[in-house]
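Pasting the structures in now, so scroll down.
Across the two complexes that follow, subunit A remains constant while its partner is subunit B and subsequently subunit C.
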Partner chain A sequence: MSSLITLSILAILVLYLGLYKAKNALLPATLLGLAGALVLAVLEWNGGAQPIYSGMMLFDNFAIAFTTICIFSTMLILLISKDYFESISEHVAEYYTLILFSLAGILVMVSYHNLTMLFIGVEIMSVSLYILAGIRKDDFKSNEAALKYFLMGAFSTGFLLFGITLLYGATGTFDLTQIRDYVIANPTGISPLFYTGITLLIIGLCFKVGAAPFHFWTPDVYEGSPTLITAFMSTVVKTAGFAAFLRLFLMCFAPLHDFWMPALLVISLLTLFVGNVTALYQHSFKRMLAFSSISHVGYMLFAIVALGVNSSNSVFIYATAYSIASIVAFAVLILVKRQTGADNFDSFNGLAKKNPFIAFTLTVAMLSLAGIPLTAGFIGKFMMFSTALAEYHIWLVILAVLNAVIGIFYYLRVIVAMYFKGAERNEIQSSSYFNFVLGFSALITVVIGVYPGFISSLF
Partner chain B sequence: MINLVWLVPLFPLIGFLINGLGRNTLSKSVIGLTGCLAVLASFIVSLGIFIELNASNTKSFIVPLFDWISAGTVKIPFSFMVDPLSALMLLIVTGIGFLIHLYSTGYMSHDAGFGKFFSYLNLFIFFMLLLVLGSNYVIMFIGWEGVGLCSYLLIGFWYTNSSYASAAKKAFIMNRIGDLGFLIAVFLIFTTFNSVEFAVIFPQAASMLAGDRALIIITSLLFVGAIGKSAQLPLFTWLPDAMAGPTPVSALIHAATMVTAGIYMIARSNILFTLAPQTLHVIAIVGLATLLLAATIAVTQNDIKKVLAYSTVSQLGYMFLGLGVGAYTGAFFHVITHAFFKALLFLGAGSVIHAMSNEQDMRNMGGLKKKLPVTFLTMMIGTIAIAGLPPFSGFFSKDEILAHVYEHNQLFWVLGVIGAVFTSFYMFRMMFLTFNGSFRGTTAQEHHLHESPSSMTIPLIVLAVLSVIGGFIGIPEIFGGGHWLQNFLSPVFAVSAGKMPHLTLDHSTEFILMAVSVAGALGAMLFAYQKYVKKGEVPAEDRIERGTLARLSYNKYYIDEIYASLITRPLDSLSGFFHKVVDKKGIDGLVNGFGKGAIEASKSFRLLQSGMVGFYIFMMVFGIVALLVYSMYKI
Partner chain C sequence: MENVTQALQGVPLNHYILLSAIIFAIGVIGVLIRRNAIVIFMSIELMLNAVNLLLTAFSVHHNDASGQIFVFFIMALAAAEVAVGLAIIVMIFRNTNSTDVNILNKLKW
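The block that comes next holds the complex of A and B.
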């Protein structure tokens, strides 16, 4: 809880730092504040959490774990943002502030215990993101991204809100515990309002995480937004969306599994195929990453389809592996784009000769995204598939494995470009911040891949 | 000393490592010394073990080294078993192994791969010792596979010659067929007895009924393994080809030690086989058929090593015949004596080949008696021993087997004696062609003729002495002997002996049997003498037309050709079919088609992402409607 308060105060503080032109203090102050929030969150681990603020929030281990990974990923992203923000805009402080506000919304999303808090969290996060997507005011694509995101986001928020309303209509409460009690107490006589509410919530949440057929905003927004914001959206925001999704279903709707499971199963498969198959034919690395993020949503939905005791753990590991690898991918993309001005696969040609370290870390990240053993991505996929198999979704897993095979093609494409294609290019100069983030992320990816025990038994 | 048994395989392993790593840097003398000393050290330890075991009252020791596989209920320790059977095998392997290492320092002295050769040879000894010492089937299997590997490496030692390389492959593949049988047998043993330890299995098995189905299947599969390793019908064709390796290898691996592994394994598992009389019957028939087939092939071969190779196959057939009639001691007795005289004969042949500048065709030899006196004398002793003439070693072991066979089945005995007659004939034929008459090679060869160096003749002399006196360890009681070997081995075969009828031949019958086989061998010898010394016949050139029987024998009954057309060629065309149709068109087509399909799908999926928000919202609404319809239906 204290980390949420820290974050909110930090955001305001950073805004004032910008006002007084203390540009150089922005990044250190933000990182320091985030580190403080991280420590405060971790300190509450196993604290026997009870709902607080009249049952609005519950800072349990689930919330702490996802808070930790979200803050941690944000720190990694901010570490590579030093020159980036300054190079694309004058309003640097607003960047930090907006990201921090968005993060505050995310913290609410992972720790809500009341549906109104879910809605508020989603909105705090989303509104900040609408602005961030369009923060390059002079850039047409950035504006387009912001507008599309806002339009469709507003559209989907309506469903989320309507769903919450229907649940309230059926149960007379927003409180998660009471809703669960309602479900348990009425095994047969559950109101149709309640069912429809669940369906509408699925629609709203699927939009937020970008599951097909509610994914259409993702590629366009990801492509148009500044790359770092894309990185933030596709890692931290996605993780938070899943945490919120999972929290709701785990706490309230588990007994109604038979009702919503088939729908989510179809959505999950559709997402996998749309994401993977479309990613195949992309020429832009950034757009490929956008579609690949859609396909990863498909894998993560497994945890909800096969809801059980292992679900939180699977999503946590998967999201961690995916976030870290994606951050590396986006970081290298920023470097390459800065040098060549393009973000297609060809601009990676010959990178391994000039920048072996960068190429190596990107290789590790790609292998992790593809789910090759000895990387964190493999452990994530393994957990997901075994969760699904535990519920006897054999066909789901077979189709998912097929998709994983398709995925290998486009992930390896960039490795092939880096190692096997020659091109005239100069060495990329990367700052030590970059090198740290790249090396550290690659290291974590391999460590989790080799020794998953220390993270897989958290819950 | 018995507790130090782990030293026995350790020395050759160290020798292998030193010679293997230093094969290009160490000098030949260092390599030779390391290789020989490693095996000599093993021999000395083995000797100590043997003496201690002989004096001890307990006849079976298990020496655990470490827990090797421990998974759930499966526990396989890495431990060694010392009992009379393994102690004797240790002496044979390290003793003859040492002599052959010594011989190799002379024989291989001009070879560029000297270091490699000695490292392989040491590795072979290491694996052979594992095979012999293992206290369970799994360790035995490690050794079993390991010696197969070394055999492959050494047959193909001169791998630049493509026919040698294919001989190596042939040996390996034929052995693999047998190994599969062995492996499945080990699995079945585990499922049946829940253990692979000899000490656990055999007492359990002893309480089973004779003819138990599980036992019959297990023993049949074990026998398949033995067929591969010990070159019996139908998997024997690799052994004659294995003569492509250097001659010391033929002596060590393909005559004295490795090929007897199958007999060792059956003797080790004797109780299983005793309780599976049907399998024993099959073993006897296979052994008999192999010994006759190989003996009749050997009479027309002209390559000195090929004659010995077929003779080895034939003698192995005798051992299996012995096993098949339950004469475990007799069969193992023959293993020992055969190791002496066959190693001697091969090394002698090597000495001849060495002197003849790598000539192996006996038609180009002749009259070598004077030039190679030591080789001639020692080889003659070996020949007399293998022909079964008293009192040399082969007489005792072969007649022990034949006596058991007579009691078991008199027809088998007749055929066995015919085999013995053939043996005597082809061996003396080989001797006369090589050493008598006049020299038939080129003048350059004649000029180069010389007796081998002492590093080669000393092993010959030692082995010759052993071939003469080796039989005295098993003098049967009709000659007033106590049959020391039988007493020594009795703990190993005690349970089996209790379940089998005892030998009840009276002395006069036994004498007659011996007299018949000795007379037959002598007659064959005289016939050979008449034919090749008196008349001075030389086998015909390859292109000369032969009579039907001679042609069959000369061409090895066309067995290789039959295998080629029955098995190799159909397999090749099946493989071609799988390669061209199933793999290229079917599987590759499926995979590539899948890939192409995915790319095509990608092209059209991509168009969905049109950039038009209106279209996006339309698609979303489509999804929303579908979901709502679904929930209406579901509620």
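The block that comes next holds the complex of A and C.
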């Protein structure tokens, strides 16, 4: 809880720093504040959490784990933002503030104990992101991304709200525990309003996390937004969306598994195929990453399809592996784009000769996203598949493995371009911030891949 | 106030649900078929207002104030969304002199 307060105060503080033209203090102050929030969150681990503020929020281990990974990923992203915002505009402090406010919304999303807070958290996060997506005011692509994101975000909020309202109509409460008690107390006589409400909530949440067939806005928004914001949206925001999704289903709807499971099963498979097959045909690395993020949503949905005690753990590991690998991919993309001005696969040609370190970290990240053993991505996929197998979804796993094979093709394309295609290019000058983020993330990816024990039994 | 509540409770709950569902559906159809960003935006507001109406009806039905509190939250956040959304639409209008969403087709494979 104290980390949420810290973040909100920090965001306002950063605005004041911008007001007094303390440009050099922005990044250190933000990182320091984030580190403080991270420590405060970790300190509450196993603290015997009780619902606070009249049952509005619950800072349990689930919330703390996802808070930690979200703050950590944001810190990595802000480290590579050095000199990035300055090149877009002179109002740098506002960007940091918006990212921090969005992060505050994310903290509410992962720790809600009342559907009101779910709605408020989603909105705090989204409203900041609409602005961030449109940061480049003169760039038409960025404008388009902002409008599409805004219209789709507001549209899906409508579905989310209608779903919440119908749940309220059936149960007379917004509290997660009381909704669960209602479901348990009426095993046969559940009102049809409740079922309609669950369906609308699934639609709304699938829009938010970008699952097919509600994914069509994702590639456009991810491609049009500035790369750093795309990195934030496809890692931190996606993790938070899944945490909110999972929290609701674990706490409230688990007894109604038979009702919503078939729908989510179909959505999950559709997401996998749409994401992977479309990613194969992309020429732009950034757009490929957008489709790959859709396909990873499909894998993460497994945990909700096969809801059980291991679900939160497997989503946590998968989200960690995916976030860290994606941050590396986007960091390298920023470097390459700064040099060549393009983001297609050909601009990676011959990178390994000139920048062996950058090429190596990108290789580790790509292998992790593809799910090759000895990387974190493999552990994530392994946990997901074993969760699904425990619930006897054998066909689901077979089709998912098929998709993982398709995935290897397009992830390897960039590795092939870096190592086996020659091209005249100059060495990329990367700052020490970039080198630190790349090296550190690659290290974490490998460490989780080799010693998964310390993270795989958190809950 | 007591009379108002009683009068509201006189209307069967199903009528409110039906009315809200119809308004919500009009909003959804509006978002899907209209091509002007501002009209789409108004349709989204219509969806949110359908939700507000239904929440109030349920709140009276359950004799529970939390539904009405939720309506205040929706109104406040809808206002925040209007501020940001209109700013985005103005930004696009400045660059393209149009609010038609069909011209937003630069991002394609």
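Note that the second predicted complex is superposed on the first by the 459 of 459 C-alpha atoms of A that agree within 3 Å, B and C clash if a C-alpha of one lies under 4 Å from a C-alpha of the other, contacts with A are read in each partner's own complex, and residues count from 1 in each chain.
Simple rule for what comes next: contacts are C-beta pairs under 8 Å (C-beta built on N, C-alpha and C of every residue); 3 or more make two chains touch, one makes a residue touch a chain.
Computed from a predicted model, the values in this text were never measured in an experiment.
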Report task. Could you check whether subunit B and subunit C clash or fit when both are placed on subunit A? Result -> fit
Query raised in the report: For A:V277, is the partner it touches subunit B (first), subunit C (second), both, or none of the two (neither)?
Result: first
Query - Touching partner for A:I428 - first (subunit B), second (subunit C), both, neither - result: neither
Query raised in the report: Regarding the shared-chain residue A:G169, is it in contact with subunit B (first), subunit C (second), both, or neither?
Result: second
Query raised in the report: Between subunit B (first) and subunit C (second), which does A:L374 come into contact with in this model arrangement: first, second, both, or neither?
Result: neither
Report task. Considering only touches as defined above, state whether A:T116 meets subunit B (first), subunit C (second), both or neither. Result -> second
Query raised in the report: Given the superposition on chain A, which partner contacts more residues in subunit A: subunit B or subunit C?
Result: C
Report task. With the two complexes superposed on chain A, say which partner A:A263 touches: subunit B (first), subunit C (second), both, or neither. Result -> first
Query raised in the report: Who does A:K137 touch here: subunit B (first), subunit C (second), both, or neither?
Result: second
Requested in this report: Using the touch definition from the top, say if A:L161 reaches subunit B (first), subunit C (second), both or neither.
Outcome: second
Query raised in the report: Counting only touches as set out at the top, which of subunit B and subunit C does A:D220 meet: first, second, both, neither?
Result: both
Report task. After superposing the two complexes, find the smallest distance in angstrom between C-alpha atoms of subunit B and C-alpha atoms of subunit C. Result -> 5
Query raised in the report: Can you list the residues of subunit A that meet both subunit B and subunit C?
Result: 148, 151, 155, 219-220, 281-282
Query raised in the report: For subunit B, which residues count as touching subunit A in their complex?
Result: 595, 598-599, 601-603, 605-606, 608-609, 611, 613, 615-617, 619-620, 622-624, 627-628, 630-631, 634-635
Query raised in the report: Contact residues on subunit C for subunit A in the complex?
Result: 13, 17, 24, 27-28, 31, 37, 40-41, 44, 47-48, 50-51, 54-55, 58, 61-62, 64, 66-67, 69-70, 73-74, 77, 80-81, 84-85, 87-89, 91-92, 95-96, 101, 104, 106-109
Query - Interfacial residue positions of subunit A with respect to subunit C in the complex - result: 116, 119-120, 123, 127, 130-131, 134, 137-138, 140-141, 143-148, 150-151, 154-155, 157-158, 161-162, 164-166, 168-169, 172-174, 193, 219-220, 223-224, 281-284, 287
Query - subunit B-facing residues of subunit A, complex - result: 148, 151-152, 155-156, 159, 192, 195-196, 198-199, 202-203, 207, 212-214, 216-217, 219-220, 259, 262-263, 274, 277-282, 406, 409
